[in-house]
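Input: structures, listed below.
Look at the two complexes coming up: chain A is in both, with chain B in one and chain C in the other.
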Partner chain A sequence: MTQKTIKNSSLAKVRSKRIGIAAAVFLLPALALIAVYFIYPIIDTFVISAYKWNGISADRTFIGIENWVTLFHDKLFWEAFGHNIIIMVFSIVLQIPIGMLLATFLDAGGKKFNFFKVVWFLPYLMSSVAIAFLFTYALATNGGIFSSLATLFAGKRVTVDLLGRSPQALFAVIGVMAWQYTPFYMVYFIAGYGNIDTSLYEAAIIDGATRGQYVRQIAIPMLGPIFKTACTMSLIGSLKYFDLIWNMTQGGPVNSTELMATYMYKLSFQQFNMGYGSCVAAAMFILITVIALLFQKVFVVKEDY
Partner chain B sequence: MRTKQIDYRKEKRKSVAAWTLATILALIWLVLTLTPFAFMVLNSFRKQFDMLQQGVFHLPDPWYFGNYTEVVTHGFFGYFFRSVILVAVSLVLMLIISAFAAYPLSRMKFRSRGLIYAGIVAMMSVPMHVTLIPIFKMTTNMGLYDKLASLIGPYVAFALPMSVFILTAFMKTIPREIEESAEIDGCGRFKNFFSIILPLSKSGLSTLAIYNGVAMWNEFAFANTLLQSPAKKTLPLALGQFKGEHALDIPIILAVLTLSVLPVIILFIIFQDKLVKGMMAGAVKG
Partner chain C sequence: MKKKLLGTILAAAVTASMFAGCGGTAAPAAADTSGGAAATEAPAADTAAADTTAAADTTAASTGAKQTDGKNLPELTTEPMEITLWDIATEEPGRPIQEAAVARFMADYPNIKVNQVHQQNDNYKQQLVVAMSSGQCPDMYISWGGGPMAEYYKSGFADDITDMYNKYDHPDFIDAAIAQGSYQGKILGIPFGSLSGCDIFYNKTIFKDLGLEVPETLDDLEKVCATLKENGITPFALANAPKWTGSMYYMYLVARHSGNEEFDAAYTQEGSFGSEAFLFASDKIQDWVRKGYFPDGVNSLSPDDGQDKQLLYDGSAAMMLHGSWMAGSMSSDNDEWYKENIGVFRFPIDTEAEAKGVPQNVEIGTAIGNCFNFNSQGDQAKLDAMYVLATQYYNDDTYNQQQMDSFQTPSIKGYEEQVTDPIMKYITDVFFNASNVQLWYDQYLPASVTEVHKNSMSALFGLEKDGKQIGEDQDAAMKAAIAEEQ
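Up next, the complex of A and B:
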């Protein structure tokens, strides 16, 4: 009996060792890439943030925390961070509820609404660069969509300046982002609806519930966790936003649409101040991580009561 | 009996009202979605100065195809094929590597599995900007700066966390018995992976291919940082190139935009039924 257990446990050991080796082989390429393109660069960015460096010359001067002190008092950076926060709030408030409404509509309609699904998804297929250029023209004062419509309704020439003025520009960009990203959340919620067991719907209908009651009282509460993930994705996405703004406004007019990422890119690749650029990037990383973690914490508390 | 009938009618009326309202809202969103596309396509068929004269939502008069011939004869296909090659290579590598990683994470028991999984998934929230300067530095040091190949690494790496997350969830739904019976039949782990797990993960893989293919096709920041000469640029960068060369000719730029999104739309319409299925595995919990 004892011999048998010993034999078993050593067999188990051999087996688990074998599994360990196999797992390591399968995981190796992914882990190597993550080490090279995530771990090492993140560490290096923090290291470079302690230097004054133009990114080209071999010599760089160690200046300790000087960049970080500058960053702390850098009005532009905190202004950019504020814009990121505004975008984050409006992304969550606009994209996720609209995406969910669209998904609810498609889920109720089934296959016959496929046309809506396909068309609604189209904006997500376009590159941010293309969207940026398209909307630069579509929102222009001359021959833009809004200017043309306003002219049509007013019966005289009216110009609507959405990108050239300070508060409007940021909200115009937020609108464009909603146009671009709502389809993603729509599909995410369609997938969420798809995961709900159909027998729940059947049971609800047999019990005399209407479609509306089913959606409100059964489906939406079941989508809770997906809601949370969608919010987290939207939050992270808005804090690292770059492409659209870079190609549409370059942070202008007068920094009114400047974001952390566009500020970092300007510092590093236009002004070649890579030491400080790295500092901004590192700060961005810290802020995103902290906000994402805080968000997770708050949501867990809310779910528990 | 009577009251029941009245209730039923009331419900019916309520549901008709709800459907009408929903349909109206749906149509509004449809118009909002399509208006910019209509603006883009209609105006791409105009001559430069016709846009303001004719009004942006009038049908072009006459339909002018010169913008498209101009774009196509000025290097569009070069950019196009560079992007095709880049996306194809990156996508295939990414799918293989993430499936490789997801297999042990979903179906083997070993120490530190939870830690490795959490570590990979946590990378989803890393902004690419925090890696940009070191990757720029690394690329220059390796002599890959201004070469198309320099983008493969970043593209594969940055698509991995999300893909591993979704594929791990997806592979967990494949019943364990299938593998076990194969093991009894003498199948090794690698053979198991290629002959059983990989084919069964097809719908998950195709969804990932759609999302990441679109993302890679449209990627801007890495390409803009690591490529420089016009002869090396990918399609998203070419858009800026064309815009710089034809600053005041809006219709011709709209023609380039239309051409750049057209292949993606065609592929999407062909594969649209794959859009949701694989996503369902990722839509379980965070």
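Up next, the complex of A and C:
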């Protein structure tokens, strides 16, 4: 009896060891890629942030935490961070509810609304750069949609300057972002609706529930987890946002749409200040991680009841 | 707990992917328009990098006689050699002209292969920085002189060619062109672009209809503006989204009010960007903005989309202060209309300043559109070859004639005589009569100050800050940049 147990346990050991080796072999390529393309750049970003370096030269000067001290007092950086937070809030408030509404509508309509499904998804298929150009024209003061419409209704030449002034530039950009990303959340929620078992719907109907009751009391609560993931994605996305803003306003006018990422880019590649640019990048990394963690924490607490 | 972990990993991965992107080639199509050179024309459309070896192969049959025969030049190697060259000639007419120059070189020296890569202008400077930092710097590359070229030199990616330039033959470049390709008295760049003046284009037809004369003084200019405004025409077509366009007005007003003096003083911070001429310029501009002399929403209009010249085309604006490359651009849009309607005059003089003896012929512009810098890393044979290519094949008669045909005046003595288009002729004459040519601030100032200067221009035209405030901002940036240097 004792012998058997020993034999068993050693067999188990051998097996688990083998599984361990196999797992290591299978995971190694992926881990190597992650190490080279994710972990090393992150560490290197932090390392470079301790140097004064123009990004080209072979010699860098070690300056310790000087960049971090500058960053702490850098009004522009915190302003940019503020813009990121504003964008984050508005992204979550605009994109997710609208995406959900559209999804609910499409889910209720079934196949009849396939046309809308395709059309509404189109913005997400366009590249950010293309969207940026599209909207620079659409929002232009000179022949843009808004200015032309305003001129039409007012009967005289009226200019609606959405991108050239603060603070409307930031909100114009937020609107364009919503236009671009809402379709993504729409599809996400459609998938969520699709995952709800039809038997639940049938049971609800047999119990005498209306379609509205089903949506409000069964379907939407069942979408809870999806809702949380969507929020997290939107949050991270808006904190590291770059391409659309860069191509529409380059952070202007007068830094009114400056984001952490555009600021980092300008420092690193236009002002030959790679050390400080890396410092901004590292700070972004820290801030985004902390905010995402906090967000998760809040939701985990809610999940408990 | 699992979710928490997932969230963290997700956050980390998403953030990290962004940093990783910075090290690679994922540089987005940055609409960097700080370059005032003719080449900045190139719109952000076409696909980039093209190899021109195909074009060269057809002409590679060497006949023995070279176009460099009999000149005082270094003896080039007969060993096989490869030269990587980066330019931004993605568009007509620059592209065929530059490809032909390389093809002529390779025909004469079949053992030397030039890999000519056309980079997209929009993200070229970023590409170059990435290439340099990762040890992939091309052997010769285009630059615009000024602050960035100084950084390349200090980092060891631009050869000092002063000795070669003094020893060997080269085109008779105008002094200002060589000066702009130099840093601290060392020649680093061989010009191959063209000079760009900066003058006011105006609609002759509108002026004639309203009985307006070409203004010679600032007072005249303001009278013209008032008349235009009364007639419902915006005086100036300006698209200030990239900010260097608005800077032209600022630079000229400063130059007319104080010559080079106050700017030079502000540059060393012995003076200040808040001194009299700068305040004069700021106040003037803001006065004009308030009077509606610039288009509405000026800060969101972009010259890359041609939104300034469109205002000129549809008759809603009458004048446009712009670089001379605009002449070629308008002519290629509609040559007939251009010839019929467009005239040009130099920025009017400031009579008050003139009375005090301030020279009124300091002009704004650039003596070289661009130049080639060389990165031989000590390989003298390669440097010799690149020197010959840049001075004898670029800048040869064929090249220069082709440049002239496309509205560009090479920065070489004598070519100003050959300009035929009356508008280009006028611009070139103004340029050559200048007592001094002030390079665009956004190329002349250190990179960190440029950013502040450009933002100041947005704030100025947007009436968000006054002259005193932008003066303080620019002073602070300049002081920081000077401290950095030491």
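Please note the rule applied: the second predicted complex is superposed on the first by the 302 of 305 C-alpha atoms of A that agree within 3 Å, B and C clash if a C-alpha of one lies under 4 Å from a C-alpha of the other, contacts with A are read in each partner's own complex, and residues count from 1 in each chain.
Just so we're on the same page, a contact is a pair of C-beta atoms (placed from the backbone, for glycine too) under 8 Å apart; a residue touches a chain by one contact, two chains touch by 3 or more.
What you see is a predicted model; the values in this text were computed from it and never measured.
K.L.:
Is A:179 contacted by the first partner chain B, the second partner chain C, both or neither?
P.N.:
The answer is first: A:179 touches chain B but not chain C.
K.L.:
After superposition on the shared chain, which partner residues are touched by A:146: those of chain B (first), chain C (second), both, or neither?
P.N.:
Neither partner.
K.L.:
Where does A:31 make contact in the superposed view: on chain B (first), on chain C (second), on both, or on neither?
P.N.:
first
K.L.:
Spot which of chain B and chain C makes contact with more residues of chain A, would you?
P.N.:
B
K.L.:
Who does A:58 touch here: chain B (first), chain C (second), both, or neither?
P.N.:
second
K.L.:
Which holds for A:171: it touches chain B only (first), chain C only (second), both, or neither?
P.N.:
Neither partner.
K.L.:
Go through the superposed model and pick first if A:212 touches only chain B, second if only chain C, both, or neither.
P.N.:
first
K.L.:
Return first, second, both or neither, reflecting whether A:23 touches chain B, chain C, both chains, or no partner chain.
P.N.:
first
K.L.:
Using the touch definition from the top, say if A:68 reaches chain B (first), chain C (second), both or neither.
P.N.:
Neither chain B nor chain C is touched by A:68.
K.L.:
Kindly list the residues of chain A that each of chain B and chain C touches, one partner per complex.
P.N.:
37-38, 41-42, 45, 55, 129, 137, 142-143, 232, 236, 240, 242-243, 246-247, 261, 265, 268-269, 274, 281, 284-285, 288-289, 292
K.L.:
Along chain B, where are the residues that touch chain A in the complex?
P.N.:
11, 14-15, 18, 22, 25-26, 29-30, 32-37, 39-40, 43, 51-52, 55-57, 97-98, 100-101, 103-105, 108-111, 113, 116, 119-120, 123-138, 153-154, 156-158, 160-161, 164, 189, 193, 214, 217-221, 225, 235-237, 239-240, 243, 250, 253-254, 257, 260-261, 264-265, 268-269, 272, 275-277, 279-280, 282-286
K.L.:
Could you please specify the touching residues of chain A with respect to chain B in the complex?
P.N.:
Touch residues, chain A against chain B: 16, 19-20, 22-23, 26-27, 29-31, 33-34, 36-38, 40-42, 44-45, 48, 55, 98, 101-102, 105, 108, 114, 116-130, 133-135, 137-138, 142-145, 148, 179, 187-192, 194-195, 210-212, 225-226, 228-229, 232, 236, 239-240, 242-243, 246-247, 260-261, 264-265, 268-269, 274, 277-278, 281-282, 284-285, 288-289, 292.
K.L.:
Considering only the defined contacts, which chain A positions touch chain C in the complex?
P.N.:
37-39, 41-42, 45, 54-58, 129, 136-137, 139-143, 147, 159-166, 169, 232-233, 236-237, 240, 242-243, 246-247, 250, 252-255, 261, 265-266, 268-274, 281, 284-285, 288-289, 292-293, 295-297, 299-300
K.L.:
Hey, which residues of chain C end up touching chain A in the complex?
P.N.:
1, 3-4, 7-8, 10-20, 22-23, 27-32, 125-126, 129-130, 132-133, 148, 151-152, 154-157, 241, 243, 295-302, 305, 307, 310-311, 447-448, 450-451, 455, 458-459, 462, 464-465
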